[in-house]
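What follows is a pair of complexes built around subunit A, which joins subunit B in one and subunit C in the other.
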Partner chain A sequence: MAVLGIGFTVAIFVTMMALVQGLDSTFVDTGQKNQLVVIRQGSQNEVNSYFTRELFNTVKFLPGVAKGADGEPLVVGDNVVIINHERLTGQPSNVMVRGSALAGLPLRPEVKLVKGRWFNPGLREICVSRSLSLRFRNMGLEDTIHFARSNWKVVGIFEAGGTAYDSEVWADYGEICQDWDRPSYSSILLRTENEAAAEDIRKRIADDRRINLQAIPQKKYYADQTSTSGGIKALGYFIAVIMGIGASFAAMNMMYGAVMTRFKEVATLRAIGFRRRNILGSFVAESVMLGLAGGILGCLMALPLHGISSATANFQTFSEVLFNFRITPAILLRGLIYSAVVGLLGGYLPARRAARAKLIDIMR
Partner chain B sequence: MSELRIEMKGLTKKFRRDSVEISVLRGINLQVFEGDFISLMGPSGSGKSTLLNIIAGIDRPSDGEIRVLDTDILSMSEDELATWRNRHVGFVFQHFNLIPVLTAFGNIELPLLLTPLSRKERREHVMKALELVGLTDRADHYPRQLSGGQEQRVSIARAIVTDPTFILADEPTGDLDADSAQEVMKVLAGLNGDEHFRKTIILVTHDPRAAAYASTRHYLDKGVLVQRDRVPMPS
Partner chain C sequence: MKFLRLLLNNILRNKRRTFLTLSSIAVSLFLITTLLTVLHEMENPPSTPESALRLLTRHRVSLANILPMSYRGKIARVEGVEAVIGSMWFGGVYKDPKNFFAQFAVDNDQFFQVYADIKLPADHKQAFVQDRLGAIAGENLAQRFGWKVGDKIPIQGALFDFPLDLTLHGIYSGGGDDGSTLYFHWEYFNEGMKRLFGGGEGVNFTGFYTIRAVSADQVPVIAEKIDALFLNTSAPTKTESEKAFVLGFISMMGNIRLLVTSICSVVIFTIVLVAANTMAMSIRERVREIGILKALGFRKGQVLSLLLGESVLLAVAGALLGSLGAKFLFSGARLAAATGGMITRINVTPATLALCASIGLFVGIVSAGIPAWQASTRRVVDALRDVD
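The block that comes next holds the complex of A and B.
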């Protein structure tokens, strides 16, 4: 029973860590080296950032911006909006729509079209991530959904390798601006020639009070979004500690029982010549093994969750963010260490009791 | 002349039960020499097992002196006594006290795990001990697969495997039928009588048939050694 109790505790611990890992990976894996996200000064993210179209050209032609094969700067401006749409369950949720240009695709190599085609500029067409298409109504290929003032046709499904883009709908920048009547930008994504150029551009933008923008390394920008997982992480650890204490008591109860029924064996071993520390070590080792057995069971119980997708709210953009539970070898190792610690805590006091009991008292 | 193994002078042991003080041993004077086979007889509560436990360093007297192998064992710490017991004392318990999850081999090997012997050497010692008690074919049997007499013989093998200086047997035939009891006592007598071994044995028993194997019989009554019979060894 104690092994089962520890197993359930470890299963929950591993699940919570897998949730956090999945969430973190969604953001941390997003972004490329030597790319900067430019948003308004003082904004935390694209959703609450906006600036004029004139500034796009100012940034586009800054020295240090990398150029594509066609000699054009590798820069794309986006207009990001939030729509409210129904999930398959009927429950509404916020979804991020990115108005962008296909010229920006080289800047987002993690995004790959898997069905249909990319949207045509000038048309009310959208491309939806596969994850979203499986969770929301009317987001399958050839479906039509209504938002803002128009009907939008789903012409393509893409995958983004488990990154933040897997939680987005993409449309033509100009069409989004028109439908929302908002001819501005939320963000600019640009590639720099090298690290030194990235730092130079970042400083140049930060120091120019006229434009009132900030440039953040793209990887850092998305890594900073993981504040969503911060609360869940804290909750996960809190639950793990509380449940661990409970499991330790279960282990302790079992070990006290084991010690009581084995006092005769303890007396025999002590009479033969085994020292107190041998007895202590042996019972502690047994309890740790018990914990590890529970740990292995718990890891096996949690493993089927690996890869299962779920969603939570991004408290920075107020939109739904999709993620996959990720059970890594490091998480499994942490689960096993956790179970060994639970076993150790549960077994130490009973082991100490067995070791410190007076031999003559045990023999009587 | 045989070497003095154990010497007790004025040994006293008292217990306190609630507010009442009970004297279990009173002024015991006893000497045990190398090669002695001594039985301690007496009614329940006469202090026989208490005396045995004191000799083994498991219990401490309230007063008096005891020197074992010319060592004041009362000055030793618990850990020092544990090491000392491993080297010098072979204990045979009334209820065998075998570890149920270990085979006969595993049980007998236990005391050797505290020695620096290699695995091969330990195996040799265990098989030799099994041979002495006539159970080489039972090495891989678990206690539940052995009869009472066989279990006690395994217990004796465990007691002698480290070649201890003396053997302390506390009611070794208490849980056995007559035939098994005789089997066990013959083994103990053999360990004492054999010129090669000449083990010093102290036997605590109620059973006069078991006590008959000893060369010297002591009687304890209410904590006092009241009588001593010396039986001449057969020539």
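The block that comes next holds the complex of A and C.
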């Protein structure tokens, strides 16, 4: 039963870590090498960044920007806005809407259309990620939702492989600007010819006092948002430590019981020449093994959670971010180490008690 | 009652085991108390009679959309509105981007009418209202950064590209937030915007309006009236009570209730297992003793209740130890400083304590149930014959 107890403790630990992992990898997996996100200087992310159309053209024609098959620079400028929309449960939440252009699709190979078609420039049409369409009201294909000043028709559903784009609604840049009465950009995404060109452009933008912008490698831009999971991570470790203490007390109880019922055996072992440290070692090993058995059990209990999707708020952008629980081998290994430590803590004192068994005890 | 001594002696028979069981129950209940209390605090934002009088008006699309300042006069004329102020999120940085806290640019003239529940000496209020560059800070915030009245507080712009150079005129308590907000003058904010944009677009706006109603029963009516007023404008509004607004914000964080309750139930299940293990061990050791008790004339029910009583006493004691320990620990801890302003207070309520005690009761009964039942229904002969 103590094994089962350790098992549950490990299951909680693994679950919390899987949550953190899922949330983190949503951001870490987003973005391509050699691409830069350009936002206003001083802004932390797209949502609180804005700059003029002139700046977009300046950036677009910087040397070092990669060109597509058609000879046009691989650059897309977005206007990112937030809408407040009802979930299926009726509770409203903030959703990020990206006013973008289809020319930007090659820059975001993560995103694939799975149903319907892309939005048409010039029409109030949106494409919604599949995860959002399953979580929010009226976001299925052919549905119409109202936000800002217009009715927007859902014409396509896309998937983004668990990246941050899975928490977004996409529409045409011009339509978003019109509806929001905000003819500006929030961010620019651009591909550079190579790593050196990326660094070059980053420096050039940083040094040019006239353009009040900053360019961040796309990978880094998203990795920086992993701080979202900081609170949950802290909570996870807090729970793990407290439950670990409780579980090692339970293990200690069990091991004391085991030592006491086998006291005569232990004394016999001593009598036939086993040393104290052998006995100490064998009991500690027994306890660690029991702990590990609990750990394996706990990992098995947590495994079905893998892939379950959930959502939380990204407090940098104040919008909803969807993620999947992700159980990786590294997390399972950490769960096992954790259970072994619980076994070790629980087993040491009882083992020491056993090692102190006196030969005289056999006589009783 | 006369069996209480027997019960206590039985509990103390194996002091080490009792201690370990008690500790593991206490530690688990400490965790449950903490989680439940944090959940409770999140779902029940501090509410005062004053906060029931307040409404918030924001842009219908989302809080990130701005409202023209001209709305203020129109809202003020709505029947039942006593005072109204605009609030604009500044989102600046104090020294380091990690030092995150809320900064609001507010209308100073009616600020203390809307937030009548803010506690601040009258001369501090006066100083704040009169100084264009003045600011007031919540007590938790001031504690976190060691601010004193009269300190200069430089804030760098992040959202808006200009710095603020504020002077702290007061450290308030109360007021419906968690005491970790910095308020400064909207006029000062707007001046910065004017410098940035040179008039025209981008000035004279605010993020949302905070309204104080004449009486609480008028709140829903006022909300409807305000939203009707701006329905067909370029910036339609959504007005709701302060409490609904805060809860909406918290629900964005996802299903925290589900997370907390599932963790708690697994924890409870785990302690049932742990306690059951202990009780089974301790009853197994005493089979003969129980046989003797029955031979002496104790009835089945009496034996059962003795054993259950033992387990319940142990579990409830452990539960109370954990919960009261949590209450004691958190009342003394400086949480705001320890968690970087994430959690400003954990106040364990009597209801949570009662819940934890009943969890203890539940654990005690369930864990000892089967072994106690088996032991008490065993035939005396079998019990006496039992050799360990």
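Criterion: the second predicted complex is superposed on the first by the 358 of 364 C-alpha atoms of A that agree within 3 Å, B and C clash if a C-alpha of one lies under 4 Å from a C-alpha of the other, contacts with A are read in each partner's own complex, and residues count from 1 in each chain.
Methods note: contacts are C-beta pairs under 8 Å (C-beta built on N, C-alpha and C of every residue); 3 or more make two chains touch, one makes a residue touch a chain.
Please read all numbers here as calculations on a predicted model, not as lab measurements.
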First, second, both or neither for A:114, with subunit B first and subunit C second: neither
First, second, both or neither for A:330, with subunit B first and subunit C second: neither
Which superposed partner A:269 touches (first subunit B, second subunit C, both, neither): first
Partner chain(s) touched by A:206 [first = subunit B, second = subunit C, both, neither]: neither
Comparison of subunit B and subunit C by subunit A residues contacted: C
Subunit B versus subunit C as contact partner of A:83, first or second or both or neither: second
Subunit B residues touching subunit A - in the complex, by the definition given at the top: 53, 56, 58-59, 78-79, 82-83, 85-87, 89, 91, 93, 95, 97, 99, 110-111, 114, 158
Contact set on subunit A toward subunit C in their complex: 1-2, 4-5, 8-9, 11-12, 40-44, 47-48, 81-84, 91-94, 147-149, 180-181, 212, 231, 234, 238-239, 242-243, 245-247, 249-250, 252-254, 256-257, 310-313, 318, 320
Complex contacts: residues of subunit C adjacent to subunit A: 16-17, 20-21, 23-25, 27-28, 30-31, 34-35, 60-65, 91, 97, 156-159, 161, 234, 238, 248, 251-255, 263, 266-267, 269-271, 273-274, 276-278, 280-281, 339, 342
Subunit A residues touching subunit B - in the complex, by the definition given at the top: 264-265, 267-276, 359-360, 363
